[in-house]
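Multiple structures are listed underneath, in structure tokens.
Heads up, the next two complexes both have chain A, just with different partners, chain B and then chain C.
Moving on, here comes the complex of A and B:
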């Protein structure tokens, strides 16, 4: 490469390497310095993603051959429309959650403090960091009684782990290489497990279970990648896709290895996305994680696996007719996920498990497009007058709809989990019955929950609505009317369970005769973090959920950049 | 080899299967750990037989050595811990093993059928690899691929190991500061027989040399940062068991060593995004990575002693009272 590297290409590598550098350096820093570093890094990543998004929007796929070695020998970083959109969503959610975690360190987990240190430091000046009344009560009861260490709120280990996780997410989104994608997924999975474990002793069983699932999923993915490599001789995503397309065109070639690889890869990634019936690990992991971690897990971590799934199905395997059974099985599981996840969400009495089941239900939507991919003929509309659809319109609509649903879910779920975690920290419980009427005391929190509910249900204007609309129209164009039924049922269900979650918080005392007795707020007098600006974070995300609904047309346009059709 | 039958390979294969059974079947943790130790040795031999010396070294160092040290520690400190769900006995206790075996058979048959039918194509990078080897400054092709052509993968992998170290440190006591998560490093070690003491003092310097040799041999022959880091970590574990005072070294340098390799690697990568590394940079990165890998593995080993300090009853697992922690509490 003789020409000097453009700034945008530098950004492409820097979105992975800079958060990782910050993660490594923050290990050596103190608590306050880690928070500053986290916020600075998140602003920097936002700044690095912007030129990538602008360049891709202008119609150019970015490619960087690392070290100057082109594939198949080297690794290529590649950013097309799909990458840019996921990068942008991750940057926005990541930055907002980072600011929230910096403003409310108590939301980052629980740490174990040696008793001696505890005695030295348990004066009010420390409360700004340590922060919550539960921890203070524990501290008081323990300090003089016995020398065993105690749990206190706030864990600065959040910062290196979260920045490492962010780096892994970006690595997955810009990877042009299958093995490199696997390494990125490992980075994401490992740090996500550790982030769950920051929730204290109670979260450890859930974290351990999550670890087994994450490793098993990665292993299945790796075996699939090895199979694809053995058939195509290359790990580059686009090059292997071309070889498979040639094999498929030559008719006499045996594609069994590719089909098996796709089965293994889809199974591994479905484990990581928590597609029903592989979803049981998600509920304890996402609901027992600290308040600042659950939004990251639900909004971003499972999206990495979804991203890879879309990449492999659309770019590597292409529309192989042999995959039709697998596509229908996965789409069937998706439809069941919407049903089972919603019913289970309706049966929950606590906020965080309810939201976790809602993630399980919403994940179902992202698999509905698979049968459309293999059957993108616009047969249903061809006989009618006035319908002229260009080639790839069904594919573009289906992918655009699915991506819009996934991105909308990312914004909305981050907001919902942040608000729910905030309420849980405030009142020490997330039992919906006990939180009745919380809307009066915390209008902004409950308002952001309402906004994100609008996005998750898919009411007009929100990104969720755009996604459902795009998916539905392309389903009709291809004659797959069953998708409409699933979408309508899913919408009704999600309205039901979100109403169950949000409505009790909005009850006023005049509405019914029962007196509203909120549990005593557990705010320490010195700690203003719980009532202060931190509440803005879920509100900003909730607002974005609704406002981004205007971007539907732009989003399909961006996805056309580097699209496989 | 007699009459075209590869007897050595057959024996090795049967031995591998037998050691897998030895790992899975016994009820006691100690026997399982020993089974896995044997499996590690046989796997190393199998890799050697396949001609992959690098993989064999890594398997011996990390899979056989460090993992065995961790497992033996766990099985000695808490030999008989009931499984979390042992109380709820399943209705049909035979169901799980049967379903597992059937699924495994189905998987193996399908995978083998596909594998044998598939037309495998050779890696497309063979020609490019030989053509570009002299750009790298190293002679061994595996080192070339790991550190030059696909350095980005190696970078992310070393980040995975670093963050594993960070994660296990974060689950210990304290969250920041040089002692956070390292309280176990300061606790006294149990007494060991004097003969073992003597043996460790003799072998540790030799092992240390082997570790360094593996590191520098990597540029021309099999070996490299991962294998060398595992051996150096083994040296640390042995020295700690032999009561060599490592506390100040650990508290002062473990964290720095853990992150230094990744930090330097990232800085080098940012400078060399579209040009190959030069040899001095490569060497510096590899040396620091080795230290980071040794530190990460050692942190994982130390973390095994971490949770016990949370509860005073668990403070001394070797005091004759077997440690029984309520599962999941």
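Moving on, here comes the complex of A and C:
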């Protein structure tokens, strides 16, 4: 047993360090070599995550002190059920999007090249032809004098930034202490800002706004962490949780600092998750990012903040009665987010902003469980002999549901954003009206959009359905019927806005009086990058959204590993 | 300076040194935050964010001194004599490094945004009757 164990521990360190190393090395490489390296790294990380997931599923929490230094000054990596699930989702989405970006370098952004170079390479050999027409048109609107630089599709800076971001994400997921969580969050935030900025001139203001928000959120988190340390004397997540629980048990202890810390941390992380009313930055950032970047931002980057939020609320703070007001405020903001995000999504006429607003709406679901955690009646119910509830069943159900919703959202939204970005690159627009009937020309893209819509609405079989089901049952068990109302309303709303997005693409000219006028596809007919295998990427993710719905029971089982109850 | 004088006049309420620093740090952070949210000038916003960052790091330093003084921190016992907690100092140093990183990134972005705007404005002055550009020339300000 020792050999596979040490191997898994090696994997635990490698999922953080390998992408970081690859990120640093890829800076030295040329464009084509970076693509190869990116794909190899992503497949390797997928391979490294598998033993971690298997080991954790078998019921073991993995723990590794890097370099043999113990806390407080050493770095402890720890993987429990929650970590393993988020690691796995990140690895799957990351690997698929990496393959997509390698197959379609034009999707990785836009860069300015000197006009002389542009003339010399008037017949570019690489696959960046797809969005070149778009780039040309925009280039004309920026600079039209010939010697000025021009915009061309494709930005090789994508690879070091994305691999660095992946390293940060994995660091957040396996971090055993709050300080490394902070460093990981910062790495994710800064690389994500730079990834948005790859979108060219239009994306720069959005990237800057995102930078302000991300840094502000991190600062609030940092102050909160320092407060927790000053109370508990440790940064370790589990140890600080124990100290706080002890303090809570002794009645005369003053927990004001912990409550203040939780307020600051929650506010900072809510900024990063884009919880209504702190969501304004997300729309321009996610919709103006390049096609290969928006799925990463929406599926993975905001999940890092969500993960930390769950960690702090469940592992560090525990059920402190002083936090009830804060939990209700956050849950209320979540309910409002579902409403506001959905209504705003319905009002969009363009595909990518609509999907971005749908992210805002879906983020609301992840905050609904907080009042359940703190309800003293929940634990009282469990204690009674008449009920069939096991110890911690309500909490397990609520957490399982929320995690299932978050993971399902990650897969579905990555697929949806990939497909939408692909259509935008094909036709040079993402106006839904102009894309009417695109389903006939690109059945696979629109099919994957449909599959991910199934996941986002939460129709049966999908992971979204499993999540809503688990959350709803535990809400009923705890007597919180308002969650049911919110879930039903959210489901109806998401069906409405996703139909609005997908239905026009499915229109066939036979059953519609108006003639279909798709914009001239801005691509060479022989451009394999836009019509070929790259379309498989959103399809694979869409398929996974639906297939993973079978994993509901397994998922709650994995979450039990290292659970705080 | 006004703030310092006001805080000194409040000194009648018997603030310890750490509490004083905590207050000043909070005040700096809040002032930076308010300025960041109210101004539209990009460079001013970046600097305001820096001020917020410094304020929050000051809060953490004050906490570090307090933790070391009370001496109940596991890491702070040896350093109790020097009066500062090593773990929280490490937090502050990392915070400083990250401040440098985000300021650099922000400065590059601001330079690019304003450079693009300047180029655009120069072009609109060049030929006023270019229909493609007249729309988005004045999207800011």
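Operating definition for what follows: the second predicted complex is superposed on the first by the 527 of 565 C-alpha atoms of A that agree within 3 Å, B and C clash if a C-alpha of one lies under 4 Å from a C-alpha of the other, contacts with A are read in each partner's own complex, and residues count from 1 in each chain.
As a convention for this text, a residue touches a chain if its C-beta (ideal position, glycine included) is under 8 Å from a C-beta of that chain, and two chains touch if they have at least 3 such contacts.
In this text, all values refer to a predicted model and were calculated from it rather than measured experimentally.
S.K.: Contacts for A:75 in the overlay, against chain B (first) and chain C (second): which applies, first, second, both or neither?
M.R.: first
S.K.: Is A:186 in contact with chain B, with chain C, with both, or with neither (first, second, both, neither)?
M.R.: both
S.K.: Does chain B (first) or chain C (second) touch A:414, or do both, or does neither?
M.R.: Neither partner.
S.K.: Going by the contact rule set out at the top, does A:197 touch chain B (first), chain C (second), both, or neither?
M.R.: Both partners.
S.K.: Contacts for A:230 in the overlay, against chain B (first) and chain C (second): which applies, first, second, both or neither?
M.R.: both
S.K.: Just checking: does A:541 make contact with chain B only, chain C only, both, or neither of them? Give me first, second, both or neither.
M.R.: neither
S.K.: Counting residues of chain A in contact, which comes out ahead: chain B or chain C?
M.R.: Counting contacted residues of chain A, the larger count belongs to B.
S.K.: Touch check for A:262: first (chain B), second (chain C), both, or neither?
M.R.: A:262 sits against neither chain B nor chain C.
S.K.: Touching A:17, do we find chain B (first), chain C (second), both, or neither?
M.R.: first
S.K.: According to the stated criteria, A:67 is in contact with first (chain B), second (chain C), both, or neither; which is it?
M.R.: A:67 contacts chain B only, not chain C.
S.K.: What part of chain A is shared between its chain B contacts and its chain C contacts?
M.R.: In chain A, residues 72-73, 179, 183, 186, 190, 193-194, 197, 201, 204-205, 227, 229-230, 233-234 are touched by chain B and also by chain C.
S.K.: Using the touch definition up top, name the residues of chain C that touch chain A in the complex.
M.R.: 29, 33, 36, 42, 45-46, 49, 52-53, 56, 59-60, 63-64, 66-67, 72-76, 86-88, 90-91, 94-95, 98, 101-102, 105-106, 109-110, 112-113, 116, 119-120, 123, 130, 132-133, 140
S.K.: Can you list the residues on chain A that touch chain C in the complex?
M.R.: Touch list, chain A to chain C: 72-73, 140-144, 179, 182-183, 186, 190, 193-194, 197, 201, 204-205, 207-208, 211-212, 215-216, 218-220, 222-223, 225-227, 229-230, 233-235.
S.K.: Inside the complex, what are the residues of chain B that reach chain A?
M.R.: Those in contact with chain A are residues 84, 110-111, 113-115, 117-125, 128-129, 132, 148-153, 156-157, 159-160, 162-164, 166-167, 169-177, 183, 255-256, 258-259, 262-263, 266-267, 269-270, 272-277, 309-312, 328-329.
S.K.: Over in the complex, which chain A residues touch chain B? Could you list them?
M.R.: Chain A residues touching chain B: 1, 5, 9-10, 13-14, 17, 20-21, 23-25, 27-31, 34, 64-69, 72-75, 111-114, 117, 146-149, 154-157, 160-161, 164, 167-168, 171, 179-180, 183-184, 186-187, 190-191, 193-194, 197-198, 201, 204-205, 227, 229-234, 239, 243, 253-254, 256-257, 260.
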